Amino acid sequence: MFLTSIFLLVPLVVLVVYSFSGSRYATVWGGFSTQWYVRLVDNVELREALWITLKLGGLSTLLATVLGTAAALGHWRLCGGGTRAVPTFFYLPVMVPEIVLGLALLIFFTKVWTVERGLWTMTAGHVVFGVCYVFAVVSARLRGFDARLLEAARDLGATPWQAFRLVQLPMMVPGIVGGALLSLALSLDEFVISYFVTGAGISTLPVKIFAMMKKGVTPEINALATVLLMASVLLALLSIMVQGKHRAD
Amino acid sequence: MRLSRLLAIFCLATASVTAAPAQTLKLLVWEEYLDPSVLKAFTKETGIKVVEDNFDDNEGLMAKTGTGKSGYDIVSPSDYAVQIMVRRKLLAELDHAALKNLKNLSPDFTDLYYNRGQKFAVPYTWGTSGLAYNKKKVKNPPASWADMFEVEKLQPLKGRISMLDDAREVAATALLALGLDPNTGKPGDLEKAAVLLRRQKPFLAKYDSASAEDSLASGETWLAQGFSGDIATAQAENPDIAYILPKEGVSFFVDNLCILQESKNKAAAHVLLDYLMRPEVALVSMNAMKFASTNKAIKAEEIDESLRSSAALMLPAREKRVLFMDPGQEMGDAFEALFNDLKN
Amino acid sequence: MMGRLRWSWFLMLPALLWLGVFFVVPLGMTAVAAFARRGEPLEWTFSMAAWVELGRGGFGVVARDPDDAAAGWRFQNEALAVGWRTFWVSAATTAGAFLIGFPAALFMVRRSARWRRVLYGLIMIPLVANSLILAYAWVTLLRRDGLVEKFLRTLGVLGEDGSLGLIYTPSAVVLGMIYWYLPFMVYPVYSSLEKFDWRLLEAAADLGATAWQRLVHVLWPLSLPGIMTGCLLVFVQAAGTLVFPELLGGSKTRLLGPLIHDKFLSYPENYPLGSALALALMILTTFGVWQALRVSGERKDNSVS
């Protein structure tokens, strides 16, 4: 485990340390400097890409969460807590390599439903895998739910809607939040599908980073990565806190 | 139901953002092609917004725009790519009345096979892809492409050599070394080239077009096939980098500005093209990006001194210039297959 | 009862529709495109050209280097050669991720809840950090005269001009991918170990089983479903990888991902051939999925009986 930790941490340390390098090359150390962070703040293109990434992530997570949660609920009502009848269909997209999904969508959007590619075509792809993850996480959560609780609520005079909203939904929330966060995290980092179906002037952060890398990596990318890393660590801590709080409740 | 309120706010926010902005030109051009300050100044002068995306090989550009619904207005294909894109009817005919500054272009680059009369393309920059090496590390520098296939010469540099990640460029080096035509239509020629390239491959660190100059300047590689402008960038970073034009001849390219047929902003695109042809504007990009301009109205003394003696401005003799031509789909596949086979 | 059923389907409908339109139909069109004529870039006319091209060269092998017999052999057929390499690169990645991930998950699951959370976060880091950039961090480490080589030189393990020669080789690609895909291995393995009843091990020990026997006969069969899920996730993703061969492999060896990429996003495009290759990739991964399900299914039956 000690060696594993080193294996896991060394690239990250390198990443962070080199973001403070004075050299123009991301692979060569050139003395301490914070110039790349200054540059980062001034980089309009990256800001634009970040904004598009967030929009795409928000939009696709929203859709995936709504669709995935509804589907998981429907499936639960249909089959109860049974684990055997999990529809493999919902897990298929995860079993297909991203690049295949990317090119399939490219064919679809160029030769079948010809549209100008951009935010919406990317959203279409991101929701596909997002739905799967939300479905899986919410389903897992519902598996432990006792349907008799709903009946009890009905017996006590609740309408079906009230029973759902006051009994079942609160119990589902951690699953929904977990699924949504997973879907969001994957969307923010997704590269291949976005790369295939992106449009003119619409670059997500990963696509932009890939383009920057091909140009030759400057420590500016390291600086960006460090900032993103901090943001995701914060996000992760937040989600642990939210879920921990729910558990405490 | 706080959640639903949040969702509503989010939807409103995205809706307001996707509302149509003012006129925007979308560019798909080479990386290291236009200096960002140039585009900013253009927007300030005309009010036309510009968004820039980059590509790193002609093949990628052609595939991206080949579907005819890419959403771009202006692209910057090289010579043979212009020829192919004209054949595929992807480029719009230029309106010379809107391009007063065409007169600034040097005749050296205007009268080439793919673009007689500048009907579809404005030649904007030119360059070569020769050999660059680190003077401190390479004791016995190559003078010809043939040297790049001699095992004894490569041995001391093993793992320190990079070639371009580009089927046409790499094939051309072997074809030139063999005394064959880099625009050959004979699959047999490619087979001969493949033998040489296969022999060379174990000595290479990598095939790399995009960051070859970085690896060279940082000392990771010592000998590299590279584009002249990129090498000039490396020279500015590391004075030990030298550049030669191998004696058999050298791949010579002219990158152009073209307007896509699909563009809905052709008038604005012409305005930008004409703006970019102003000598003072072309000079800014040339000094910053280090790719030589085709603009003859630029005065020699205005060019950065370091650039004047760099790889960027080494113009090969006319008979040594090798311009690529459209190989046709069949030979295009053959070139790709040669390169893929090399990577097997 | 009917109402309840209808409601349930109604809830599932939007998701099913979305997956139908943006997943099933595109994949179906890909399958169709593999039998279409290659135009610029595609014409919907029946043609077997892509498959003919895919099969060119047959199953024959040729010497890798005619001058040098020691260099070994390779498939003459491009798809086979690339598919074969993709298979073993993904398999090596999966094996590596397992060898690191399984002990890590085992270690984690035996710690206290707080420790667990910290370790869990550690393992998940590659997932939350931008993966492209992490690939580049590996370049910094592995490159010629890079940090690893400098470190080894200081230790005296490596000579002054010595080099590992690791960067820009398939091994570097595998190493980078192990790092990247490790979370996909650890997560499912960890989940299955979490449910594991540790008293079983004690019982086995009481019955006189050695540590090795306990591992092989008790722990292993019961954690197999999780392991298989992990292997599957890693294998499928590694098989379709796009950026690692380019960044860490120096574009010197072709894997299926970049090959397929070029058929779509590089002139001259060949959508039918690219689609056929994508189907081949699907077959490769489906084979992996099927194998994994078979193995874990068998084991489950065994352990029940």
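Quick notes on this structure:
Going in written order, the chains are labelled A, B and C, and every chain counts its residues from 1.
Everything that follows uses one rule, which is that contacts are C-beta pairs under 8 Å (C-beta built on N, C-alpha and C of every residue); 3 or more make two chains touch, one makes a residue touch a chain.
Since the structure is predicted, the reported quantities are computational estimates derived from the model, not experimental observations.
Each chain gets a centre from the mean of its Cα atoms; the one farthest from the centre of subunit C is B. Chain pair with the larger contact count among A-C and B-C is A-C, by C-beta pairs in contact. Between the Cα centres of subunit B and subunit C there is a gap of 34 Å.
Between the Cα centres of subunit A and subunit C there is a gap of 19 Å. Chain contacts: subunit C has residues 41, 143, 264-265 touching two or more partner chains. For subunit B, the set of residues touching two or more other chains reads 67, 219-220.
Among the residues of subunit A, those touching two or more other chains are numbered 27, 110, 213, 217. Those residues of subunit C that touch subunit B in the shared complex are 40-41, 65-67, 74-75, 78, 81-82, 85, 143-145, 163, 165, 167-168, 250-254, 259, 262, 264-270. By the touch rule above, subunit B contacts subunit C in their complex via residues 57-64, 66-67, 81, 84, 88, 159-160, 162, 165, 195, 198-199, 201, 204-208, 219-220, 329, 332-333, 336-337, 340-341, 343-344. Residues 1, 4-5, 7-12, 14-15, 18, 26-27, 63, 66-68, 70-71, 73-75, 77-78, 89-90, 92-101, 103-108, 110-112, 124-125, 127-128, 131, 135, 185, 189, 191-192, 195-196, 205-206, 209-210, 213, 217, 221-222, 224-225, 228-229, 232-233, 235-236, 240 of subunit A are the ones that touch subunit C when the two sit in their complex. Within the complex formed with subunit A, the residues of subunit B that make contact are 7, 10, 14, 17-18, 24, 26, 28, 31-32, 51-54, 56, 67, 69-72, 210-211, 213-214, 217-220, 237. For subunit C in complex with subunit A, the touching residues are 4-5, 7-16, 18-19, 22-23, 25-27, 29-30, 33, 41-42, 44, 100, 103-104, 107, 117, 119, 121-134, 136-141, 143, 146-147, 179, 182, 232-233, 236-237, 239-240, 242-243, 247, 257, 260-261, 264-265, 271, 274-275, 278, 281-282, 285-286, 289.
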